[in-house]
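I've put the structures underneath this note.
Shared between the two complexes below is chain A, which pairs with chain B and chain C, respectively.
Moving on to the complex of A and B:
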């Protein structure tokens, strides 16, 4: 896939996602009500940090992770507000470059994050859609627009394959479900840093036989198979590095 | 991961600068507030901003405390003595030094000596890393602890180490199951997503 194409798509995606205006703190408070105490504010730096962590995790894991579009939307809104403010400054103000520089950095992370997710969706379309259908409404891994994208991509892909199959000799003119199902390798090795202390993590040896109990301490780093910590990555106890 | 992206992450760290301009406002960046700036009075800013201002001759950079020959020589000795990786003065020590050498080389004293010690530390740690990888792969365990290894160092063995482990692991598993469950390993995409 060429870069421009991806960029255009991501841009479109971003535009769609931000149709409605969003109040950053209100939205986030609704979402994570149980996780934050009353006096803790969901400030822009915290959201930015969450997006950066999500970006790293998404980049380093083979499977698609639960979407963070609530943070991405909020941050995008923040960027628009910021751009608006910049345009009001006098053109010789030293602050313009500084703001602009930071916006470029944040935009890079968001674009890269969304692009990695799209790549995964295109690669594992079938498997992702299958799993997504089994998840409850509150537990969807894809955002609304990602799901739409996945479905239409799947449709096009199937249409394309069927077109090719028609021209094939009869004995090879069909594809079974399992032949077209591409799955990520969830046993792949990853580097992690633990945010919490945690006992009772069982890691199989390299042949997948004997399990060994491992204790994670805060800030300890390991290399281990991804599936043994996938839940911890999803609930933010462990950061991929 | 691209090393440039790790440098990008390192640029978030704060560093002290001495501005050459006045700005009475606080700048409300999305990543946090900075300023106000008073000419001659040190202020903490992210490295990406420090570099930008330095390039425009608008500030001097205060060299981080750890970036001097004595401290680094001490770290190097520790690293030599220790069987394990020691904690580095900064979790992005290589990237930060590289960036500062490039933009603020004129403000760092004994820059060549610092460069040499840093290179020595890096080499020490790299050979330690290679030795422990060798031990790890031969051990057949599925986990290894890597405390105090920095992101750039980790990245230097990626994708080679995780990928070789993936291959060893799938070979071992195939051997165990004697190929009866071949469909399991089919259609699996290659492991690492981070190009």
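Moving on to the complex of A and C:
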């Protein structure tokens, strides 16, 4: 394609799209209109937003958070359909690259989110499995497949370490639970932004025994120890930044 | 001195933070032997002494036991940290290890690696209601769709997603889609050309 032709194409394209900024929410909304989503509350941009927030939270907290596999699965399906749609466009269509790059960005967020979770699962396998066992079926933090993964990973490691333990004298040839438990450090400090106004958040004072009350107002930002806001992160009233 | 060898093992591992040193079977066996000797000596003391003069031997018993525990702890740390490195290599090199790396692994570790690959693959296959998602791709936030890369080795032909076949030759420059060359860059076959 010669340069002139390309320029004409770009101009045409820009004229067609009066708002020349191509943001993903628009891209996804276009897609949605085609598919006529029956659930107005969970359109693709909203789901993407939820995933982005979950990804940030997961990235910035030391412990594993409740899984969002429903959203991730839905978003992933969406990406696949869109990629399918893109491949149907003529190969010299200028939109292909732009769409593809946006899709790659979403792909990155999803894979990164799942990777971070896997890393945490691998690191704190024992503790996570122990806590999962105590949670009810509806309140599981790991998705079904992640749980499977955690179990087989633990089994694998125990098998490997047992090969050496077997050769040790009998009185030291086992590992106690507490010897192998790795816990995340929940006292690390995090930057938070509150989504809702609420008071009655008590922060233990490092120097004394007294607790200090912190009032959260909407959109206010704080640096706080993670364990004092962990519940708020899980119920989505606070966003880690 | 007791436990010296076990500490040496850990030091050896610690000295190569980025690579995996060869599995030191001789040393591991030496540590295990030392543990068995310590144990036997303790058992000997316990069997030969009568209960009333056991107090005399208590310090030495305790000392040997502490040495045993330390040996065990060092060995566990050695094996565990090697596993962590091998895990890292699964993410860097993919399912097949380069032969020079593989030769540094013990047989049990190769086994572990293969099993780990298997459970990871199973998990990746299950994402997205069975569609499968390769978590080894999209490791960095994408800045552009295409990367300019230089080929460092004669790799041969690779197949692109759209079915095109490209022959990678040494010292040639290519402009390839990110998804096609991400893994090859990590394996050291391609090198990203940074242009400013």
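Here, the second predicted complex is superposed on the first by the 195 of 241 C-alpha atoms of A that agree within 3 Å, B and C clash if a C-alpha of one lies under 4 Å from a C-alpha of the other, contacts with A are read in each partner's own complex, and residues count from 1 in each chain.
Keep this in mind: a residue touches a chain if its C-beta (ideal position, glycine included) is under 8 Å from a C-beta of that chain, and two chains touch if they have at least 3 such contacts.
All values reported here derive from a predicted model rather than from experimental measurement.
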item: First (chain B), second (chain C), both or neither touched by A:231; value: neither
item: Which of chain B and chain C A:62 touches, first, second, both or neither; value: first
item: Which of chain B and chain C A:107 touches, first, second, both or neither; value: second
item: Touched partner set for A:188, first chain B, second chain C, both or neither; value: first
item: First, second, both or neither for A:169, with chain B first and chain C second; value: second
item: Touched partner set for A:146, first chain B, second chain C, both or neither; value: second
item: Chain B or chain C, by number of chain A residues touched; value: B
item: Chain B versus chain C as contact partner of A:115, first or second or both or neither; value: second
item: First (chain B), second (chain C), both or neither touched by A:218; value: neither
item: Which superposed partner A:97 touches (first chain B, second chain C, both, neither); value: both
item: Shared chain A surface residues [contacts with chain B and with chain C]; value: 97, 101, 105, 108
item: Chain A to chain C touching residues, read off their complex; value: 72-73, 76-77, 80, 97, 100-101, 104-105, 107-108, 110-112, 114-115, 118, 122, 145-146, 148-149, 152-153, 156-157, 160-161, 163-164, 167-172, 175
item: Chain C - residues contacting chain A, complex; value: 28, 32, 35-36, 38-39, 68-69, 72, 75-76, 79-80, 83, 87, 108-109, 111-112, 115-116, 119-120, 122-123, 126-129, 131, 133-135, 137-142, 144-145, 178-179
item: Chain B partner contacts - residues on chain A that touch it in the complex; value: 44-45, 48, 52, 59-62, 75, 78-79, 82, 94-95, 97-99, 101-103, 105-106, 108, 116, 119-120, 123-124, 178-179, 181-185, 187-191, 203-209, 212, 214, 219-225, 228, 241
item: Complex contacts: residues of chain B adjacent to chain A; value: 1, 8-9, 11, 21, 23, 25, 27, 29-32, 48-49, 52, 58, 136, 140-149, 151, 154, 158, 161-162, 165-166, 168-170, 172-173, 175-176, 183, 187-194
